[in-house]
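To keep things simple, chains are lettered A, B, C and D as they appear, and every chain counts its residues starting from 1.
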Amino acid sequence: SKFEYVRDFEADDTCLPNCWVVTRLDGRNFHRFAEQHGFIKPNDDRALHLMTKCAQTVMQELEDIVMAYGQSDEYSFVFKKKSNWFKRRASKFMTHVVSQFASSYVFYWKDYFKDQPLLYPPGFDGRVVLYPSNQNLKDYLSWRQADCHINNLYNTVFWMLVQRSGLTPVQAQDRLQGTLAGDKNEILFSEFNINYNNEPLIYRKGTVLIWQKVKEVATKRIKLPKETEEKEVEVTRTRSKAVPLHCDIIGDQFWEDYPEILADS
Amino acid sequence: SKFEYVRDFEADDTCLPNCWVVTRLDGRNFHRFAEQHGFIKPNDDRALHLMTKCAQTVMQELEDIVMAYGQSDEYSFVFKKKSNWFKRRASKFMTHVVSQFASSYVFYWKDYFKDQPLLYPPGFDGRVVLYPSNQNLKDYLSWRQADCHINNLYNTVFWMLVQRSGLTPVQAQDRLQGTLAGDKNEILFSEFNINYNNEPLIYRKGTVLIWQKVKEVATKRIKLPKETEEKEVEVTRTRSKAVPLHCDIIGDQFWEDYPEILADS
Amino acid sequence: SKFEYVRDFEADDTCLPNCWVVTRLDGRNFHRFAEQHGFIKPNDDRALHLMTKCAQTVMQELEDIVMAYGQSDEYSFVFKKKSNWFKRRASKFMTHVVSQFASSYVFYWKDYFKDQPLLYPPGFDGRVVLYPSNQNLKDYLSWRQADCHINNLYNTVFWMLVQRSGLTPVQAQDRLQGTLAGDKNEILFSEFNINYNNEPLIYRKGTVLIWQKVKEVATKRIKLPKETEEKEVEVTRTRSKAVPLHCDIIGDQFWEDYPEILADS
Amino acid sequence: SKFEYVRDFEADDTCLPNCWVVTRLDGRNFHRFAEQHGFIKPNDDRALHLMTKCAQTVMQELEDIVMAYGQSDEYSFVFKKKSNWFKRRASKFMTHVVSQFASSYVFYWKDYFKDQPLLYPPGFDGRVVLYPSNQNLKDYLSWRQADCHINNLYNTVFWMLVQRSGLTPVQAQDRLQGTLAGDKNEILFSEFNINYNNEPLIYRKGTVLIWQKVKEVATKRIKLPKETEEKEVEVTRTRSKAVPLHCDIIGDQFWEDYPEILADS
């Protein structure tokens, strides 16, 4: 039709080839969302596990994602360098990731939040960032995990001061103003007898999702040629699954343990 | 931290000022989704109304959307020219739109699909397109509505041939190969006694969402100063609501009727 | 060859359709260039006229430029909204403009600077900016002309104070610190008996280049059929030429006088 | 002023960090330019050396260029990965390169073309391309050198057929239609007694510019403290210069010989 010309206004947003394509999403106004849905402070296991379930769905439904990393209300997905999914269009990467994540969040909500009803549909922002080298990619992931650590240490002490010592949020904030990591560890230990290093790894390290081959045993009813009746047999299949880890990804160990993540293919 | 440098790899994606910012989303693989969820062919009212409910949610939750237009598995949202929402970052526009839409789709599913359970969380793609002039914007919307008309006329005849005349899909396709709009109208009329112009407007024109002031009457319990008991009173408020229309937006009439849509502000 | 894949790394930089495409160039380090080539302060007619000659060359050699505006060491070129030159690739616009300008600068140097030799080849930066509406374009040009005015008024007083009153540059700067336009006009008038409004328009307004039809009279030698000898005849041709004006382009008058500049075609 | 808002329409065009920034320029319509200036066919040494002189000027005047490669009417400049020149703005890279090159072309013309006057100022296009890995960069340069080889082999035979065998251009073209490299070598050898491998390297390989330390001996007149007269002394300085090579850059040898080109710094 004579209106077709408007198509030409679409700008090309192809991602530079041979770069890692990272898509990060982040919950919109989750401060309020957490408040209204009674998230436990500072870490709500239900919320964290739901986030990871959604990320697994994204990895299974979309193409070419080699790993993911999540913490708090955010998740990052790493598409392989050679990905040619949707011709590397940035808009396709970011919108498919956030929309799949957002619909999954509502879809799986009740499996994690049981009797806490979902009051309204949440939003997420998303973005695409390119990283040319493996070191850049590792530094990106380290940046997110360092952010997880810094926030979690702060939040852990903050909520101890509020929940256990009865400080007001403003008082707790003042108390922590200017303190270093060591100071916060010290407060936790001396005032609350908490060794921060014993806090759950999922809080301190966030969640890494990597592809692992898993054996699945399924029972199938089959009818063998010469027999008249069906029989139940156990069938073992190997399937790739996005498996959560809560380990350090800043050091070299992780990358040595899972060299296939960075390997070209 | 020493990893912060990775932030600098984020590219600026600010939209050119003084242009209409259009975000269009489209259901991912809805051919299959419609099949698996028993969508009525060619038009499923439940699906169409759910789409519109989600679009209304998007308009209410996000800023600066002046109108929206939807048909089939797609919806377009028009942000006002002067919008400075998130500093006009394209990624923020498109990801907030699709994520809010996707989470709403699951959230409101059961209100429209009743006993048809949602089998899996759907995905949507999204994109941002800029239109410098009002004419360009109107032509964009005309393009989508013309697309609605063409597809719907085709689908209406196609499914008549299949459902009523018992043709196979391949036979129906062959029959329609090369036919013009007039031919299709003729088939509908002579073979199925259907006047296409009497088909529901929502199928033929799609759905336009515009902001309308609506009066809301609410009952409130209040206690007047000198009285001892609470009393129920009716309170009338004027509120802006995203209201669906199923009218032509290709001609001038619509734009004359609603001049405020294109008016600067 | 197996290396051809590297072509795919070229990013698409198509300009949004239906926008004015403005390319501005600016002399690289012309502070030093002017110094070394003995430019008269604050305005050197030779330099200004050479700049305009180069801009005319750009307009003649390139396609779709509807006007240009220059002052100091910069020139802006306006490509028409509907231009499809090199498929609207931004890199083509800006590199063709600056390279043609730069080569012309050296080529025509001696026609303007006579006995002042060119000591080294100058550089220019360039950029492309899109303007969706006519008002935006007019405001862009107004911005450049206002900049011309502000700088020229400042420079005129500054160099009077230095050249006539013997102030050092630092003293002149101090003297002008915080003064408004009115104050500067006053200094010029009371101390130097200069009415700024009588200063040459080319300094105060810069240079506008627009296409004008000009009659060219050429003498041609032709041999008429039935005659034996060649005869000289005068031939009059109408040709489009980029003609310089030094008028105000901030007010409406200019745009009313030359409506064809903004007219679509 | 109230017009300043138009600045916000400038789009950010920062190059992705940690990538090689390649700027390639190419003569505009040099088919005609060569014709009109009597370039020798197929290779004009004056033209090639002038191109290289201009490229050297670009390397000396601009920042962060680690090497350049040229052939025919084109030159590519490689900016180092970590370059932060003009904050990595693509428009600054490409316009400074082409404008410096273009002004140098006119400036140095007479040093190479002696009595052949320059008839008009030439234009050049330019573009920026990013390469994330060293291999990509090497493949880019190999692509240009392979292009040089293919064109030069073709042109060498073509012009032999035209100039020596008296074929028309159309006949020569027909003769070469569908021939492989081996066939062309064979024609050269059997018909013109030319061993292509003995053709000048500059034609077959193009020109590589790399930074080399060179010793410069200058005579300076100095007056020693206790002496009364000035004396001439030879002063040796080490300076970095962009030195031309005509070697293969497709194989590994070049990169092994000059490891500093790809080395970070």
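Convention: a contact is a pair of C-beta atoms (placed from the backbone, for glycine too) under 8 Å apart; a residue touches a chain by one contact, two chains touch by 3 or more.
Bear in mind that the values here come from a model prediction, so they are computed numbers and not experimental data.
**Student:** Just to be sure I understand the contacts, which chains border both chain C and chain B?
**Tutor:** Chains that touch both chain B and chain C, as defined above, are A, D.
**Student:** Which chain pair is joined by more contacting C-beta pairs, C-D or A-C?
**Tutor:** Result of the comparison of A-C and C-D: C-D.
**Student:** Express in whole angstrom the distance between the two chain centres, defined as the mean CA positions of chain A and chain C.
**Tutor:** Taking the mean C-alpha position of each chain, the two centres sit 55 Å apart.
**Student:** Take the average of all CA coordinates in chain C, do the same for chain D, and state the distance between these two points in whole angstrom.
**Tutor:** A distance of 30 Å separates the two centres.
**Student:** At least two partner chains per residue is the criterion; list those residues in chain D.
**Tutor:** Expected reply: 9, 11, 16-18, 130-131, 136.
**Student:** Could you pull out which chain D residues touch chain B in their complex?
**Tutor:** Where chain D meets chain B, its residues are 8-9, 11-12, 14, 16-18.
**Student:** In the complex of these two chains, what residues of chain B are touching chain A?
**Tutor:** 1, 3-7, 9-11, 25, 28, 57, 61, 91-92, 94-96, 98-108, 118, 120-131, 136, 139-140, 142-143, 146
**Student:** In the complex formed with chain A, which residues of chain D make contact?
**Tutor:** 16-19, 130-133, 136
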